[in-house]
Amino acid sequence: MREICVVAYSQSDCKSNAGMANEVELIMPQLQAVYKQVGITSAQDVDFVCSGSCDYLQGAAFAFVAGVDALGAVPPIKESHVEMDAAWALYESVLKIRMGQADSALIYGFAKSSPGELPIVLSQQLDPYYLATQWVDTISLAAMQARLMLEQGLITEGDMAAVVADSRRKALQNPQAQLSGETSTEALLNEPHYVSPLRRSDCCPVSDGAAAMIICTVDKAKEWGVPYARITGIDHRIETHNLGMRDLTDSVSTRQAAARAGVADGPVDVAEVYAPFSHQQIILQRALDLGDDTDINPSGGVLAGNLMMASGVSRIGEVFRRIVAGEAGRGVAHATSGPCLQHNMVTVLEGA
Amino acid sequence: MSDEQDVITDIETPIYLKYNFTAGLAPSRFLTQLKNGKLTGQRRAEPDAPVYVPPRGSCPASGMPTDEEVEVSDKATVQSFTIVHIPIPNNPIQPPFVVANLVADGANISFIHLMSECVNEEVRIGQRVQAVWKPEEEWDYAMDNIRYFKPIDEPDVAVDMIGKLPVTGLEE
Amino acid sequence: MSQPDLLKQPFELGFTYTRSTGPVVGRFLTGLRNREIIGNRASDGRVIVPPMEYDPVTADALDEFVPVSDEGVIVSWAWVSEPREAHPMEKPFAWAMIRLKGADVPMIHCVAAPEESAVSTGARVKARWVDEPRGYITDIACFELMGDAS
Amino acid sequence: MSELAAVVGIGQTHYKTKRGDVSIAGLVREAAQNALDDAGLTFDDIDAVVIGKAPDMFEGVIMPEIYLTDALGANGKPMLRVHTAGSVGGSTAIVAASHVQSGTFKRVLTVTFEKQSESNAMWALSTPQPFSVHLNAGAGGYFAPIIREYIRRSGAPADVGIKVAVKDRLHGARNPLAHLQLPDITAKEVEESMMLWDPLRFLEACPSSDGACAMVIASEDLAEKGPKPPAWIRGAAMRSEPTMFAGRDEVSPQAGRDCAADVYAQAGITDPRKELDCAEIYVPFSWYEPMWLENLGFAPEGEGWKLTMEGATSLDEGGDIPWNCSGGVLSSNPIGASGMIRFAEAARQVRGDAGDHQVPGAKLAMGHAYGGGAQFFSMWVVGAEKP
């Protein structure tokens, strides 16, 4: 199989409200940034383009059609779209490169989540007869998951707060982060519960923004003469939609994807996991079997800023960044979709 | 268990979601000018770059932002049109009515708008029209500050010139 | 570049969808209208409520219906101290995973309680039905604590 | 470089105004199960699931793959959701094929659907965003001016659209799955049907349907193990261009021409009219047949309508290049599935499994879909013979 690598990544600031910027205006700067990283001028210079977005975030059908206006798609380009996080757009692109129909691909994800009430909007992902009709919000579902873990003694509220404190501290080094700062586990535990047992700080913020990435064959990366991180494993798995039939304290599909992506085949220096809630980071850490040798979420993770539909691809980008900077030799990126980590993707990246 | 004919087969599911929409930068500039009665296009800041009315944020052909504003005329040419025979949901206008793709003089792309004060059967590609504005006190951030376009007494534009007229129109 | 005004406007994206239920969901909703809760049996024998159309493990179509009780125990829960407009209750309440008597798989519904401290995992709850059930999951207005938590 | 792949199973539902007997899950499941049965397989044989549909607002279920996992036996498998507007049915098939052609999976199930009776499609297509113009009375209102420009350019007589409307409905009457069953339709009836968006009449527009279409795509080593002959994928391509840009040819979009050139090159086709035995082309409004005949290179520019009028695209008239033998989008239109139905019906033809709408001896067929403002294209060519 052809060796594929990441060569460029850019993410906008995570903003609680992008205000007067529409989708095209959010995307264009990120595209320009990744073009610059590899020395190309437009989407015409890659072989395939794939994006991820969700119409309901901003409440308009065909959001992705506006995205095409950012690409300079004249003459026409090979282009596709997933109504999912752009991590799955990357997956589709990987298949295209593997089959030889492309040597390079541009991937982008974007979201303007601030116009709606995100936890309620996302309640309409649930089964449309039993749960969506009750408007069960995503934060409450995660809270029930956290309580299962707490009451089974798998975690403590202190463990959750420690995840948050770590995220805030690491996010100080991340100029795109929305939430960052020095705080302590004790201070966080003194905050009141929000949707008990979760505190507000246990939940990722709502963010507006976009991210873009370029992947290609290793040969193409050498031709471009740019640093790269190889994608040595990638897999994703989904689980049943019935939350009552899943072991919510574990992430079985993450374990399945990790096994197929070969996470355990080498040391993991760095990992970026898409955990919208603090306790989910612990679930994922365990499912990926990450130990003390792994720097987890050095960007601060999505607790520091969550670009729906782009956060998954951003995790891959954050690992890529650290590998090409020489901070890590091998890393793991995780992306998720659906309530309580229903659908998970695991990508293994390694240095050149 | 209930009788067979009593079995539920259908339910109504109201899904109403509230959003706070904020217009993008390029549309906001366009609509702010429109509130002052000015029809402005935008283009990327390069000579001879195409002028978009209404602008949506980028020059789609190049993927570059449309940073430059250009005032265009409220005279336009019919690029194409349809006579609509069914009502538009939540719109008082009664069919049949003409919805036309119009290119304003000075612009290089069409927008859709209503045509009126015309004989529907005589509307044609290349026909010249001009905006009929609402009274100034009713102007808002909306394209319907222009109530509709009506035919004007100017010669038709050759098809290969539609979308290429300068802001001065035919009086070049 | 001209200085634009900030153009903001609220809007509602809405539609009343007409959903056909199919036989499995329809059976469950029909039961609710009669104040009965009906589950079905998964391929491994577990009873699922509300009934699923297809088994998550084997993908088999599931058609063995099993009536279950409208009483059960809380398996996990979340306390909503600030209900949202879309939520079924205006006062603080709990979302809960509830294992009904006769079922193996918990279902998600809301639980009315005077305060957070009244709710606990393992607490027994009973469905409170609306006055006129019509065949919706919301025919169960909520579950109520039975007062003798065990 | 890519691995060979073939369609080994096809499953469809009946297309109807409303499938009131099934849930959304039941609808997709029916197509999926039919495809598996057709392939002689079970859900256990499937490595990955690729699902597609048009906007989520049609059913008001956000990212429905999340809820449909169980109906499609996807638990523990990869599941991907494609959305490329009206072309989605075609692009979903292409993305599913890439799962196999990349050598990553052996057998993939792909399903597309729309349950339009759950909403009003026109509502979902024109949701009221503030600060925008709302004069677009449905997709027909968007496409009618483009059709008018085609008529001006080509000098086509006014009854070409009527001829297509009749022809595709007569084809549809041969297909028991088709939504509209109008075996006695006449040109007069079409002509007298209500004018909606001049020059488009009611009977020149597609219906709104519930339905789902599924396929199983398998790798080379497994393709010939099924009970029916495989339809080999000989070429597949996608192209996109922006909705509006200065100088855009809306009548014959460059993206369509480029996409066709790409798929023909892959399949070794130089003269599509001569070399293809039939085609399933996305024609939701009658006039799009002559327009696509030209755009796809079946006829020189300005002459597509002549093929239509000569009966070249009609199965009943013994045409040399029958288009839309299944009845096409004009006979059934569950939007998200419509593209895949084209792809699947092309495959049925080369498998010799198209029933009463079979083109005798068909060996090479094309499937086509488009979406958005005729800006997203997906196409494939399938053949009875292994490439």
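We just call them A, B, C and D in the order they show up, numbering each chain from 1.
One rule holds in what follows: a residue touches a chain if its C-beta (ideal position, glycine included) is under 8 Å from a C-beta of that chain, and two chains touch if they have at least 3 such contacts.
Note that the coordinates shown come from a computational prediction; the quantities given were computed from them, not determined experimentally.
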Chains touching both subunit A and subunit B: C, D
Chain whose mean Cα position lies farthest from subunit A: B
Pair of chains ranked first by number of touching C-beta pairs: A-D
Computed distance of Cα centres, subunit D from subunit A, in Å: 33
Chain centre separation in whole Å, for subunit C relative to subunit A (CA means): 30
Distance from subunit C to subunit B - Cα centre to Cα centre, in angstrom: 46
Whole-Å separation of chain centres (CA-atom averages), subunit C against subunit D: 39
Interface hub residues of subunit B, defined as touching at least two other chains: 9-11, 13, 15, 17-23, 25, 27-28, 31, 60-61, 141
Contacts with 2+ other chains: residues of subunit C: 4, 6-7, 9, 11, 13, 15, 17-21, 23, 25, 29, 52, 56-57, 136
Shared interface positions of subunit A, touching two or more other chains: 19-20, 56, 59-60, 68-69, 71, 73-74, 117, 120-121, 124, 128-129, 132-133, 239-242
Of subunit A, residues touching subunit B in the complex: 17, 19-25, 28, 31, 42-43, 56, 58-59, 66, 68-74, 114-117, 120-121, 124, 128-129, 132-133
Contact set on subunit B toward subunit A in their complex: 11, 13, 15, 17-28, 56-58, 60-65
Contact set on subunit C toward subunit B in their complex: 1-21, 23, 26-27, 29-30, 33-34, 85, 135-136
Subunit C to subunit A touching residues, read off their complex: 4, 6-7, 11, 13, 17, 19, 21, 25, 29, 42, 46, 48, 50, 52, 56-57, 75-82, 84, 86-88, 95-97, 105-110, 116, 121, 136-138
Subunit A to subunit C touching residues, read off their complex: 19-20, 56, 59-60, 117, 119-120, 123, 128-131, 133-137, 139-141, 143-145, 147-148, 151, 193-198, 239-245, 248
